[in-house]
Amino acid sequence: MPLSNARSTRRFTGKPNYPARTVEATLLVLLGLSQLPSSIHAQEGLAGSVKRGGAIRYGHFQEPTCLFGGWVQQWYLQRQYSDNLVARTEGGNIVPWLAESWSISDDKKVYTFEIKPKVKFTDGTALDAQAIADNISGWLSNDPDLRNPTAAPYLGDSFESATAIAPLRLQVKLKVPFQPLLNVFAQSSQGILSPSALKRGLAVNCENPVGSGPFIVDKWRHGREVTFRRNPDYNSAPATAKHQGPAYVDGITWKFLPDQTVRYGSLITGETDAVYDIPAVAWKDANSRFSVLRHLTGGTPLRLALYTARPPFDDVLVRKAFAYSTDRRAAVDTSFLGSLPFEGNGALSQSSPEYLPELGHSYGYDVRKANQLLDQAGWTERNRDGVRLKNGKPLIVRVSYSNAFLKPDGEQALQVIQQQAREAGFDVRLQPTNPADFFAGKNLGPDDYEIVLLYWVAPGAEIFRISWKPDQNGETNRFNPSRYQDLTLWDVIQKAEQELNGAQRTALYQQAERKIVDEAPVIGLTVLDVTLATKPNLKDVWLDRGSVGEPVFYDAYFDDGK
Amino acid sequence: MTLISMTGSDAVRIVAHHPIVWFARRIFSGVVVVWAAATFAFLIQCVLPGDRAQIIINVTSGNVGPASSAELAAINAKYGFDQPLAVQYGKYILQILHGDLGESYQQHRPVAAIIAEQIGPTIVLAIAALLIAWLIAILTTLFIAGRDNIWSKLLNDTQVFLATVPPYWLATILLVLFAVKLGIFPVIGGNSPIGLVLPTLALALELSGFFGQVVQNEFTRVLEQPFVTSARARGMSDFGVRLRHVLRHAALPGITLSGWALGKLLSGAILIEVVFARQGLGGVLVAATSSRDVPIVSGAVLISAALFVLASIIVDLTYRVVDPRINLT
Amino acid sequence: MSMFAEVTLSRPLREVLAIVRRVPFRIAVCIIIFGVFVLAAMAPKVLQTHDPLAIDLRSALQSPSIAHWFGTDQLGRDLYSRVVEGAGQSLAIGLGATALSMSIAMVIGGAAALSGGLLDSILSRIIDVLFAIPTLLLALVFVTVFGPSVLTEVVAVGIGTAPGYARMIRGQMLSIKGAGYVEAAKVLGHPFSRIVWRHILPNAMNPLTAMMTIGVGQAIIWASGLAFLGLGIAPPAPEWGALLNAGRNYVIYAWWLEIIPGLAVTAFALSLTIIGRHLQDRLEGQR
Amino acid sequence: MSQGSPQPVPQQPDLLRVESLRVSFGRSIAENTVVRSISFSLRPGQCLAIVGESGSGKSVTARSLIGLAGRYANVHARQLSFDGMDLIGLSDRAWRRIRGTEIGFVLQDALVSLDPLRRIGKEVGESLLLHGAVSSREELAQRVIALLKLVGVPEPETKAERLPHQLSGGQRQRALIASALALDPRILIADEPTTALDVTAQAHVLALLEETKTRGKALILISHDLAVVSRVADEILVMRGGEVVERGTAAQIFRDPRHPYTRQLLDAVPSGRPRGSRLSPSTIVRSPLQQMQLPLQSLPKSHPILLEATGLVKRFKGPDGTLRAAVDGVSFEMRSGETLGIVGESGSGKSTMARMVLALDEPDEGAVQFAGRPWTTLAECERRARRRSLSIIYQDPLGSFDPRWTVGRIISDSLSSDVETRRKRKERVIELLDLVGLSQALLDRRPLELSGGQRQRVAIARAIAPNPAVIVCDEPVSALDVSIQAQVLDLLGYLRDHLDVSYLFISHDLSVVRHISDRVIVMRRGRIVDSGVTDEIFRNPQSEYTKSLIAAMPRLVRDQQIGHSATILEEGIA
């Protein structure tokens, strides 16, 4: 199951991939061009007026177990000290970063990247095509020290080789075309690390990873904080950055403050300059006192996956009835106190480029319709408690979820749904499960649930591959808790993945999207967001759009308003 | 409240053999306790329901669902789960003797290192709380206890209240009131002395309630003892009697209680650290618990048993210093 | 033994009456508080003003008022009714955990005290080892192994607090075992089993009654501590620990959601503690 | 004014004057008056004794004299003055200047009256430091050692470094006296200074007090024991229920007690009475035995051997881990119908021996035979059936009763199972209560609701309930006031005379043992040092130890006057 998560407590992460939607061939030209001007512009535009110095005290939520790796919490950190091959803009375009430009062969299987010259890792090792090739090969190798749990599942089927065909020219070969490749490269977990440092072994690298990024890991005080210091020689900012050259601030103190009262409280008292994940209850307050940044993640929304392989949800009428019977919009609005929007599109979240806004209002609250559908489906009787019966069996819906994927606010939304669905005759039973049990598969067996609550963050519709790949060759798709198998849908998805033409690919994905919403194996609830509150005097913090919205402190500076 | 159990504690009242013999026996029985705790810790890992290798793989990768048998075999081989229990047990004990408590399933680091880096702040917090609790208990007792006035009654009630109030709740209130709202203390304490104040208070207040009750009980009892009257008959002032004669006696059950208090403090510290988002064993343990990272939990069990043994030896030694009857028999 | 049954039977009644008459004011207050909580646990409907689970989105996050005595939570549920509702589960957890831990303690501590010799040494050592592990850590161990649930919570707290009781019971029984009347019974030629049943157990029970009273309050606090760490029972059940855990996230903006459930826990545990200590004094005075 | 003092030492003015002293506790005076209207005065070199049983108010009186009657005490007096200084309404600070310097105070049982955690030297020197009597540490040490020497503590230099529990009882008590004497107070008040002591130590302490008196100190001696007081006191106040019932010189009181209570007290002292005679007024045992179905005494003339101990040895682990024999090769025999007294000071092994006789402790060596059959060597289950033939009466009856049980149940539990119906059992219990002189109204009481004497009677009823052949009496009267002690001894004597029962009677009190026993064994350090027929032993002790014990026995001065010679009386008064 797909999870990825941005704000959940434990990240089991998501390793989904987000193949971005495609970068089309045309794009490639744009990229080559856009990179240059933007960097020049940035350097010149700001250098004079920006105050340098100071260290940012940032209050984060969860502490990872290693400073890089596949978990979302690690991405946040890795974004600070490493650079990626390419970057992704808010609009979903792939733009240069370590690669100044690239080209894609006609058969869509060979990618050739021109690497930015004179870039060095902070341990002095040169960052050249060979170093990147070593990284990529490592991700897909079986060496547990090098294997990248995010990249591997995305590229495992298609990747053939990565080689340095010249000191600054990298060639990546695929076995079959895979359009989302560049999106994968843009994710922070695919940040390039120094190959010589990697040789020190996983244990050392976890503590003290070496990249080429704007900050250098200084010290990790477990349980407390990670301190970063500025990389004074930084010369490889992405095209998405607002300036080039070294960062403005001296460093970052990245504190781990899992308790939200402490975290947000510390911002109130000025003990931190920025905090992650604003509590819903403080949402309004935060907007009035601080600058608030928010990134709605792409990929799937937070959604209810209905088990379609057995009754009652094998019947599409019952699935739809359930959707109609619940006022999910109200549930979301009150539970999240306006900090998150409702998302009625179960297939794709609203920040994905292929999102169809009209689907965002699917299955509005309509008890009459729900009752009608249930009657039609044969659930005509009701027992004393008002629960519908069919052949004497009550209409019980067990909802499995874990606080790993759901904040307390989300839990409240479920409680609202539980109450509402009762009116139409659903007996909704919540099955909260702790993360460890969730991993061990508790409440997730084929007979354990009718609904499970999950999400998977990705840039866009490439997530369909993960969610809807049918079981093949006896191998079950464990990321499809709906058990909804539809070969025609899969055909459409595969076609989209190999289509480099943006408009056509989007059309294909949207075709799939409509089908998914129409069949209702998943019902949308809300989206996931990454929020950041910063003190008003801390300027130009932004969220990276390449993966999950990591805060980027590279451009940030303190403006004390003198 | 384990008050009663403690005042009657047999642990300390071992009337004494030769000090060295005594010490050797004490160490020996401490070793036995630690060994038994190690066995317990090992058993925890074995009884974990579900396949350990499966849990390790899923926790590491963040996935749910069955892993392939090849992956499972690799993990089983790596951790030696495929060996007979007796062999695993032997290895475990041997590792412990080498200071190796195994490796975290989740963090892939040695448990010993994880605990070592986290336990410092926890111990600092616990000891600070212990001292403060003692200070509060002794000062209040010395000046207020055993007098027939409203303050004495009030003290008594306050102590019962403090010993009962849930410390994590008290901590939350202290945090919100004194740090977030009033800004007197920092919200993020870190390890600075000023940042230690609120967590220490949250822990110490509860404990001082326990200590206070025990010390005060004994204090009131001793105050009526003939030797106190003797001292008064020599012309000693009330405060002199309290300070020179009574306090020492009243401290004895409190000292005994300190060993038990360590356990209580560790329990409390886990909660308090979570409330204050402090560095320490608490956060690590809670994370480990919710992700079934058993090596960390069982490592903590072992370490805290060892700490307890150490603490109770210190308590016994202190007791011997304060109560020379034991030493000189 | 059963002679004068008619006389001895009426005695307890008279004693109870006598005790009732002598109950000090503060104890009476505690008994009333305790009574209210028990009523809440047995028949929550009697006390509730609202449905504890009824969501009323329009009245979300209201501070205490006449309509909502303790205010409302984020979903507009009446906190007062939820606290009342939670009493049952909390009380059940407290009683269950205490019963469990007392049973374990009775078996281990009792066996150790009564057997003496090698078995005593072994059992005492086991008690030592368990005692060496902090209560909460022991509880965490059980949560780790079995995952959070009501049952785990009860078992975890029960086992976590058992070593303390076991120690106490062992000491208690040992001292009774050495008491004059036990020896006197031995001199009369009564078999040991009879002495245990007629003298040792009943006399050991007296202080245990007091301890158990206090223990229930403490168990509730431990259990809500687990819930506070997010390792307890999940919502929507308004168990007190769960309320505390949920309230923590709102404490800056909706203080009542944290303060009031905490007060409930404290009031309940405090009343039990004071009653227990009172019992303890009385029972000790009796010996 | 000391109206009753016949020994005027005219040139010495009164040091202490007490007139109409009244002490009550609680808010309202009517509530709980412990001392009513007591008057006396005291001159240097004079010893005033206040004698009374527990609850008579003697200790409160003593404490009132130094302003330590207690926190809730209300002390009133027409006059309370020390050396002309009014003590009434004195501030605490002023009191402190008197305590220790002018009036020294010695409590009973130095084990608890000296701070058990502080070294002897510190305790002794405390007053010196408090009142600034020494200027240097060296001087303090010297003074302490001099004081310890003065009170006759051997090796004062080492003893000063010891803790109270490491000293013997007598040394401890002397150290306590030394601490009271440190500042050379003019009055020394001693509250039961010898009560917890063995006879020899008791004798030493009394000698010390006498000597103090001869050094010109005024002495107030509080005691329950007329025999103790008789040796030192010049004037005696007999108190009862907070009032003085009789006062007079020692000689007057002993020779010619006027108040019946005084007489009762004097009569109750066994050492002053012929062996076996009544010690208490004869109203105690009421029912004629003939009316009961108790087996009447049928003392076989043959006197078969009932108990036979051979070579009993019992070792215990000492605090240093070494084995120490508590009983070391003791052999004796006890015949049916006789009372065998075992006497010895604390630690002599007498109680351990009793436990072995009862098969509560297993002897390490040797064995006890009971009624000609093996006893201690049996397995417990074989012994059980015969256990009821051996009963025990403890020193502390309270501890030997299950606190939850009623008197009726306690006694009933002890009845033999032959008595089957509930009704019969109840009848028997009432008979037994009657026999020991208790009303059946007590049936429903619990032990805590009984007085000390009642408790011991219940214990006796329980002991005789199963018709035992032997009753082991382990210090059965040691915890009782003399008058109660007298009643209990009388009851025991009465039962022995009328039932077929033998006593193994254990006591540290020679006079008690002498009073009741047919034969006596004297034990010391686990061994028998003397044994024989009672009169023989007391008239003609064989061992030096027995001789010294007998010599140290406190006795009423009157004994000598009435029985033998008047030497001791004269010594005592001189």
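By written order: A, B, C and D. Residues from 1 in each chain.
The criterion applied here is as follows: a contact is a pair of C-beta atoms (placed from the backbone, for glycine too) under 8 Å apart; a residue touches a chain by one contact, two chains touch by 3 or more.
Because the structure is a prediction, the values reported are computed rather than measured.
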item	value
Other chains in touch with both subunit B and subunit D	C
Pair joined by the larger number of C-beta contacts - A-C, A-B	A-B
Centre-most chain [mean C-alpha coordinates]	B
CA centroid of subunit A to CA centroid of subunit C, Å	46
Gap in Å, rounded to a whole number, between the CA centres of subunit B and subunit A	41
Approximate Å spacing (C-alpha centroids) for the pair subunit B, subunit C	22
Gap in Å, rounded to a whole number, between the CA centres of subunit D and subunit A	89
In subunit B, residues with contacts to at least two other chains	172, 176, 180, 274-275, 289-290, 292
Residues of subunit C whose C-beta touches two or more other chains	144, 147, 230-231, 248, 251-252
Pairs of chains in contact (touch as defined earlier), listed by label	A-B, A-C, B-C, B-D, C-D
Complex interface listing, subunit B residues touching subunit D	15-18, 21, 148, 225-227, 229-238, 240, 245, 248-249, 322-325, 328-329
Residue ranges of subunit A in contact with subunit C within the complex	259-261, 264-265, 268, 279-282, 285, 330, 334-335, 337, 403, 408-409, 411-412, 415-416, 418-419, 430, 432, 434, 436-437, 442
In the complex, subunit D residues that touch subunit C	358, 360, 381, 383-388, 390-392, 394, 396, 398-404, 406, 408-409, 412-414, 422, 425-426, 429, 443-444, 446, 448, 462, 466
Subunit C-facing residues of subunit B, complex	1-2, 4-5, 8-10, 29, 32-33, 36-37, 40, 44, 47-49, 160-161, 163-166, 168-169, 172-173, 176, 180, 260, 262-264, 266-268, 270-271, 274-275, 285-286, 288-290, 292-294, 297-298, 300-301, 304-305, 308-309
Subunit C residues within the subunit B interface of the complex	125-126, 128-129, 131-138, 140-141, 143-147, 164-165, 167-168, 171-172, 175, 207, 211, 214, 217-218, 221, 224-225, 228-231, 244, 248, 251-252, 255, 258-259, 262, 265-266, 269-270, 273-274, 277, 280
